Structure formats: structure tokens, C-alpha cells
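You will see two complexes here that share chain A, one where it goes with chain B and one where it goes with chain C.
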Partner chain A sequence: MLLELKNVVKKFGGITALSDISFQVEKGDIFGIIGPNGAGKTTIFNMITGVYPVTSGDVLFNGQSICGKKTFEIIDGGIARTFQNIRLFANMTVLEHILVGHHCRMKTGLLGSLLHTASMKKEEAEAVEEAHKLLQYVGLDDVADHLATELPYGKQRKLEIARAMAAHPQIILLDEPAAGMNDSETAALIDLIRGIRDQFGITIILIEHDMNLVMTLCNRLIVVNFGRMLAEGAPADVQNNPAVIEAYLGKEDE
Partner chain B sequence: MNVFSQQLINGLTLGSAYAVIAIGYTLVFGVLNIVNMAHGGIFMVGAYIGLLLVTEAGMGIFPALIGAMIGGAVLGYLLELFALRPLRRRKVTHLAPLISTIGVSIFLESVALLVWGPQTRSFPSTISSELMDMGAFKISGIQIVSLGTAVVLMVLLALMLNKTKIGKAVRATSENIETAGLLGINTGLIITFTVMLASALGAAAGVLIGLSFNAIEPTMGTAMGFKGLAVLIMGGLGNVEGAMAGGFILGIAEVFSVAYGASTYRDAVAFGLIILILFLRPEGLFSKAGKGGRP
Partner chain C sequence: MEELLNGYFLQVFVFICINIILALTIYMTLCTGLVSLGNAGFMSFGAYTSAILAMKLDVPMPLSILCGGIVAAAVALIIGIPTIRLRGLYLAIATLGFGEVVRVIALNMKITNGALGLSGIPSMASSLSDYASDLGLIDALGLDSQTAGQLLMCIALLILVVLIFFFWYKLEHSRVGRAFAAIKADEYAASLSGINVVYYKMMAFLFSAFFAGVAGALYAHATYFISPTDFTWHKVVDMLLYTVFGGSNVMWGPLLGATVLTIVPESLRAMSEYRDIIYGLMLVALMGFRPDGILSYDAVKYIARRLKKSPKGGN
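Let's turn to the complex of A and B:
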């Protein structure tokens, strides 16, 4: 089991944002989290990455609890993510974004970085080379020296994914990767996500509203509504689940 | 002799020291979104450390400068540990660290008064203050040291921020601390490092200003602190290039207002210029959209 949430509860003051969320993600899964807006999907990502502490319950990564760990320690441990609203740095180039994403995998410490040691120069050079390879893979190498915020929207989304990949994670959490994309961009995204899983061996957990993408890509998914789990299973099973249909479309007899 | 080019050199020398002070403010503002009011105090202590290393330990000016920077970094570490970190943990308002750093600044000034006394001290005249004729202008040994050191420090800082791993981490943290954390950057460590770096630069500026004006006293941090603040705002909050340019603009404006007949109004002219710039560009000279004055 790569990642497991056990009875996770999150309360903000008196409001219960998530109650009793439990699911398991296996290595090699493309795991979906769907549900209406405000259901608590992004809160689940924030629990996993340690942005908020869990109120009760546990999050296990490779069998070990990661609750209470600092965010950077969790990323260091092998979980990377992207954001619902694109969060790129306005003053950095595309290449620099990848290097920042790679930050936690570099060994040079504070002192080495300041003193500009030979091993540090070598490591920096290797990081740049690897960053170019990664950019080539996602098709952004021709704009490596552009400011990230100058890129068209679809490429900014790709860059966020590439930045997450640069951390060499075991899992990438994608928060609405297809948001705002047209059909052909979404189709390319589906291929990209599959490739990340197949060629890099990275497990994917994604939040998405685009049902076509979810049903095509995910091998398993959960449905969340009002902070509770409505259903869990393969896409086809979930699609026919009456509780899910009700949550999305309303009750038939009303 | 050409008055204009002469004053330009004088202004650049003064401005380079202002720029180094303002960079310290802007670095800390970038990662923490607070104005570090203790920066002037650290600047003053840095000047004293440099002075004592020259007079008591008999060091040359460059070893003394490095010693002052190390002392400044240590002070920065203590500042972060005792005045900033405990407040950050409790997630209090942005006003609280403003007050706590003012407290540190008063504390440093009082300690300096107690230990070194209120009298003005100056560097021994080991460095030639004699003017060398360069044709269009004359420049003294002190000016060469001061301007040269400031420029070297700024170039090194720019290289570090743009070319090294830690520099990129500082920039990422500065733009968005939460995102930086979610990319695996230890933002707590980066904050400590940045405050130490800023304080080392502040201490270096203290030595440079102490050299140029030949006057080191416990209250020197207050006036200089306000000028640094003005440059911080003029250059755009959290913007390093802006702080550099702003420092030079303020220095040149001050020197020129003295040279062309308004020596009584030296500060009024300089700050009037800043007000004018802020009328035209309220977000600061170099600020880009996104990171404004508020987090």
C-alpha cells in the first residue's frame, strides 16, 4: 500500500470539512477524487501534504504515518503536488521553476551553496541538464528561458506538472489538471498523465471535474460530497451508484 | 574640474551604501512580509564591530568588514530566534513583529550607549582620504573602498539569488511561502538564512557609512534606518533590483541638492523626490504586479 487515509476527520472551528475519509492507493494507480465544488477534495490534498493538521485519523505513506510532519518533509519523502489555481512564480523562468521543484533532491547544503564548491557546481550543472530533459518530455524545452507567466494557460498547467515531477516523487497529486483546457488539450493531458505513470512509475491521485478524463484515466476513484465519502470503486461502478447520481443530478422524483 | 561628474561620484558612493542597507530591508520583507525595524540597530552595531576590529584588534579594513558581517549575521540569527520566530508560531498580526523589532532596535541602541558611550568615534586614518585626480573627478581611497565593496556585495548577492540553489529557494519563498513549502523547500530555514544574510549586509553598510562619514555613534542607526525604509518603499517592497536603484537615486539626490545650493534642505529634497516618485508609481519603481504592499 503506497498511501492510505484512515478515518481522517478535519474540523475548522465548529465546521466539519471532512468526516471519516478512508481510502487506499496502490502503487501504479491513477486514482480519482471527484465531487461537487466545496465537497472537500482539495482539503484532502492539504491533509496529505501537511498544509493543515488532521483533526483525527491517520495518513500512512509506505506504511508510516506522515501526520504532524512538516510540508517540506512530506515533499522530501516523495509526495509532490500541483494546484487548483496555477501557482507559478512571476519572476522565474520556466527552467528555474523546474530547478526549484528539484530543490529537495539536491544534496548541497547551505555552506556548499554559498562557497560555490566544485561538487555544488557539478550538481547544479546536472540539475540543469535533467531539467532540460524533463522539459523536453513535456514539450516545453523551446520556452525554457521564457518567464513562466508569459506562457499560454495550457502550457502553464504542463509546467506545474513538470515542476512536481522534478522532485522525483512516488506520488503526484494533481488538483484539477484539466481545468480551463479545451478538448484537444485535455486529450494531450490524458496522454501525458498516462506517460508519467507508465514511464516514470509515478502514482497519480487527481481531483477533476472533467468526467471524460476521470472515466478514461482512473482505475479507481472515490466520490466526496459535503465532506463525506459517497462511493468508492472502479469508474463504471461509481457511475451507476444511485447516491452519486443523486449528488450530481438531484433525486429523480423531485 | 567638472562639478557634475564629481558630485555624481560622491552621490554614487553614498547611494551604494544606502542600496546595501535597503537590500537588507527588502530581503526580509520578501520572505516575511514585515518591515524589520531592528535593521538600523544592526547596521550601527556592525559599524562598531568594524571599528573595534580595526582599532583594538589591529585588523585591516577588509578583514574587519568580514568580521562585522559575521557579527551581523549572528545578530540576525538571534533576532530571528527571539523576536520573530515566536510571533510567527503564534500567527499574530503583522504589527506584532514591527513592534518587537522596534524593541530590539531600542535595546541595541541602549546597549551601545552603555558599552561604547555617546561620543562620536571615527576610524583611524589608515586609509588614505587624499583625493586622487582622475581627470573628470577626484576620488578618495575611502570612496574607492566604499563604492567598490558595495558594488561587489551587490554583484555577489545577485549571483547568489539567480544562480544557486539556495538563492532560488529564497526567491521562491519570497514570492509565495506556502507554494515554496509545498515544493519541498524548508521555508523556516530559508527565513533564518535570509534574516542572517540581510543583517550581514546591514552590518557591512554600517562599516561603509562609518568609513565615509567618519562618525560612528549609537544613534546612527535610526536616521539611516529611515533612509533605508524610504528606499525600500521607493524601490518596491521585496524587490532587490529596486532597492539597488533606489539607493543610488537617494544618494545622488542628496549630494546634488547639497552641491547645487540647498544644503539645509538636503533631506527635504531627497524625500520630496521620493514622494514625487511614489505619486507617479505608488507600487514602487520596479515592483511588478502581484506582490504589493500586502501579503
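Let's turn to the complex of A and C:
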């Protein structure tokens, strides 16, 4: 078991954002989390990455509790993520974003950074080389020197994914990766996500409103509504679950 | 040449150097998005530490100045642990408050001699000129020992400014500097990209305090006299202005800002009644036309490109 949530509850003051969320993600899964707006999907990601502490329950990664760990420790430990509202660094180039993502895998400390020692330069050169390879893989190498904020929306989403990959994670959490993309961009994204799993061996957990993407990509998924788990299983099973159909009724147009 | 070597010009140059260091200390914290206004407090820790060590214990000046920086950084560590997580204005207010507390303490302590301040602090200029005359340098230059001392102090400070500048420049162009920049741009995204935000903010805060302490010590040995009024929040406003005026996003900004804003008030001395008005209007105009300061990323890139095109500078 790569990741396991056990009876996770999250309260914000009086609001219960999550109640009793439990699921398990196996290595190699492309695991979906779906549900209406405000259901608590992003909050699940925030629980896993330590943005907020859980109110009760536990999050296990490779069998060990990661509750109470700092966000950077969790990333370092092997869980990277993207954001629902794109969060790129203003004034940084595409390449620099990848290097920031790679930060936790680099070893040069303060002294090396000050003195620009030989080993520091070597590490930097290797990081840059790897960054270019990664950018090539996601199709952004031609804009490596551009400011990230100048990129069109679809490429910004890709850059967020590449930045997460640069941390060499075991799991990547994607929060609505297809939001704002057109059909052809979404089709390319589906291939990209599959490739990340198949070629890099990275397990994927994704939140998505695009049912086509979810049904094509995910091998398992959960449905969340009002902070509760409504259903869990393979896409086809979940699709036919009466509770799910009811929750989604009137949201057909999405 | 002879004219340039007059005491007044050399004195102004000394203040330019000290002010550049102070402007850089503000820039260092801004590098991680911290608005820290405690630097007058750190400066006074450095100044009093170095002055007292040199006066009471005869500690050699380079060592006492270093101690000034270290004490300031140690204090910053104590202040930083509870406050570094504060955001934006809250940190600004907390650190500003710290600076005022330090001033009030200095006003009331015996060792700092209260409101009267410390006078007769060993002079950096004369200790440098003593050193140089031991080496027979002064006779070789044909200068009187006072001018020689001042000149040597200018050279020493210039070297120090260059060293500090490159120290930070190197750091900025490394893994550490990238972490700083990411935190400045988006702290939340940085921490979720694997960066230990508190660690890097603390690092910037400590370096800033250290160099503010060093600048304070230099100030003490350059003016021979310090009192709590030298380290009020006006001083922090000055530092902040240097950095913001010159451009707080590039290292050249604080350098330019401190230089211009040290020279302008001096050159306006003749019309002292209008001095503050002109100074104020200049700042308002700048913020109106170039809110990011004179030098921005784009301006520096543009200049660098021009310089590359015409390596000899040309006209």
C-alpha cells in the first residue's frame, strides 16, 4: 500500500469539511477523486500534503504516518502536487521553476552556495540538464527561457506538473489538471499523465470535473459529497451507483 | 585630485558605503519577501557592542566589528524564532517595535551611557593610518596622517561593500537564492514544492541582522560618537527608502539608491530650508513614475544588453 487515509476528519471551526474519509492507493494507480464543488476534494490533498493538520484520523505513506509532518518534509518524502488555481512564480523562467521543484533533491548547502564550489557547479549543471530533459518530455523545452507567467494557460498547467515531477516523487497529486483546457489539450494531457505513470513509475491521484478524462484514465476512484465518501471503486461501477447519479443530477452539463 | 581628497568628500563617501550596506540588509530580507524593520535595532547592537569592546577591553577593531555583527545576528535569532512566521505587516510592526525597545534599553543602561551616548570611540581612520605609517605607506604617499587615515578607511569600506555585494550575489545565484526567490514569489507554492520556508527566511533574516550589526559597528568607528538617537525608526525609514528608491528587486537597486539618497541631501545643504521638500518631492515623483524603483529586472537586462553590444562603452 503506497498511500492510505484512515478515517480522516477535518473541521474548519464549525464547518466539517471532511468526515470519515478512508481510501487506499496502490503503487501504479491512477486514482480519481470526483465530487461536486465544495465537496472537500482539495481539502483531501491539503490533508495529505500537510497544509492543515487533520482533526482526527491518519494518513499513512508507505505504511508510516505522515500526519504532523511539515509540507516540505512530505514533498521530500515523495509526494508532490499541483494546484487548482495555478501557482507559478512571477519573474521566474520555466527552467527555474523546474530547478525549484528539484530543490529538495539537491545537496549543496550554504557554504557550497556561497563559494560556488566545484561540486556545487557540477550539481547545478546536472540539475539544468535534467530540467531540460524533463521540459522536453512535457513539451516545454522550447520556452525554457520564457517567464512562466507569459505562457498560455494550458502550458502553465503542464509546467506545474513538470515542477512536481522534478521532485522525483512517488506520488503526484493533480488538482483539476484539465481545468480550462480545450478538447485537444485534454487529449494530450491524458497521454501525458499516462506516460508519467508508465515511464516514470509515478502513482497519480487526480481531482477532476472532466468525466471523460476521469473515466478514461482512472483505474479506481472515489466520489465525495459534502465531505463524505459517497462511493468507491472502478469507474464503471461508480458511474452506475445510484447515490452518485443522484449527487450529480442537474450537473449533467459539467 | 587634491580637492577630492578633502575631508568632507571622504566623509560623505564613508556614509555612502555604510548606507549601501544598510540598504543591502533591507534587500536581503526582501529577497524572501520579509519586510523586516528591525535593522536600526540590529545596527545599534553592532555599534554598541563594537564600541564597548574596543573602548573597555581594547579588542582590535576588525574583531570588535565582527563581534558587533555576531551579537546582532544572535539577537536576530532570538527575535526571529517567535516572529519569522508572521506575515507582511505583522512582521514589519513586530520588528519595528523591537527596534524601539532596543533604543529605550540603550537609553536606560549604564554601559551604553544612556541618552548621553558613548563618545571617544576608537576611530577607524586613525587606527588605519597608524597601521599604514608603521608600514611606511603614508610618507610614500605624501599625505598628512589624517587624510591618509580617512582615505584608507574609504578604501577599506569600499572593499567591504564589494565583498558583501559579491557574497550576496553568489548566494542569489545558487540553490539557496532560488529558494529565496521562490519564497518571495509565492510562499505557499514554494513550501509545497519542497522548500523549507522558515529555514530560508531565518537565514536571510540572520544575514541581514549580521550585516546591519557590522554597519552599525562601522558607523560607531567612523563617527567616534553614538547615542540612541542615531538608531531611531527614522534610520529604518532611510534604509527602506534607499532600497525602494533604487529598486528592491535587483541588487544594484540598493546600491544606487543609497548612493543617490546620501548625496542628494548633502548637495542640497546650501538650500537647507527646501532640502526636505525637494527630497520628498523626488521620492513622490519616483514612486509615481517608477513604483518598482529606478532599477528593475527589465532595466538591468536592458543595460546589460547595451553594454554587451558596445563593450567599450562608447558614446
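Following the convention adopted for this analysis, the second predicted complex is superposed on the first by the 249 of 254 C-alpha atoms of A that agree within 3 Å, B and C clash if a C-alpha of one lies under 4 Å from a C-alpha of the other, contacts with A are read in each partner's own complex, and residues count from 1 in each chain.
To be clear about the criterion, contacts are C-beta pairs under 8 Å (C-beta built on N, C-alpha and C of every residue); 3 or more make two chains touch, one makes a residue touch a chain.
Not measured: the values here are computed from a predicted model.
Overlap between chain B and chain C is detected when the two structures are superposed via chain A.
Applying the stated contact rule after C-alpha superposition, one finds that A:M215 touches neither chain B nor chain C. In the superposition on chain A, A:A187 contacts neither chain B nor chain C.
Shared-chain residue A:R81: touches chain B and chain C both.
With both structures placed on the common chain, the touch criterion links A:T49 to chain B and to chain C.
Residues 49, 51, 70-72, 75-76, 80-81, 83, 87, 89-92, 96, 99-101, 103-104, 106, 108, 110, 113-114, 116, 120, 124, 163, 167 of chain A lie at the contact with chain B in one complex and at the contact with chain C in the other. Residues of chain A touching chain B in their complex: 49, 51, 70-72, 75-76, 80-81, 83, 87, 89-92, 96, 99-101, 103-104, 106, 108, 110, 113-114, 116, 120, 124, 127, 163, 167. On the side of chain A, the complex with chain C involves touching residues 49, 51, 70-72, 75-76, 80-81, 83, 87-92, 96, 99-101, 103-104, 106, 108, 110, 112-116, 120, 123-124, 163-164, 167. Across the complex, chain B meets chain A through its residues 160, 163-169, 171-172, 175-176, 178-189, 193, 288-291. Those residues of chain C that touch chain A in the shared complex are 167, 170-171, 173-179, 181-182, 185-186, 188-197, 203, 249, 297.
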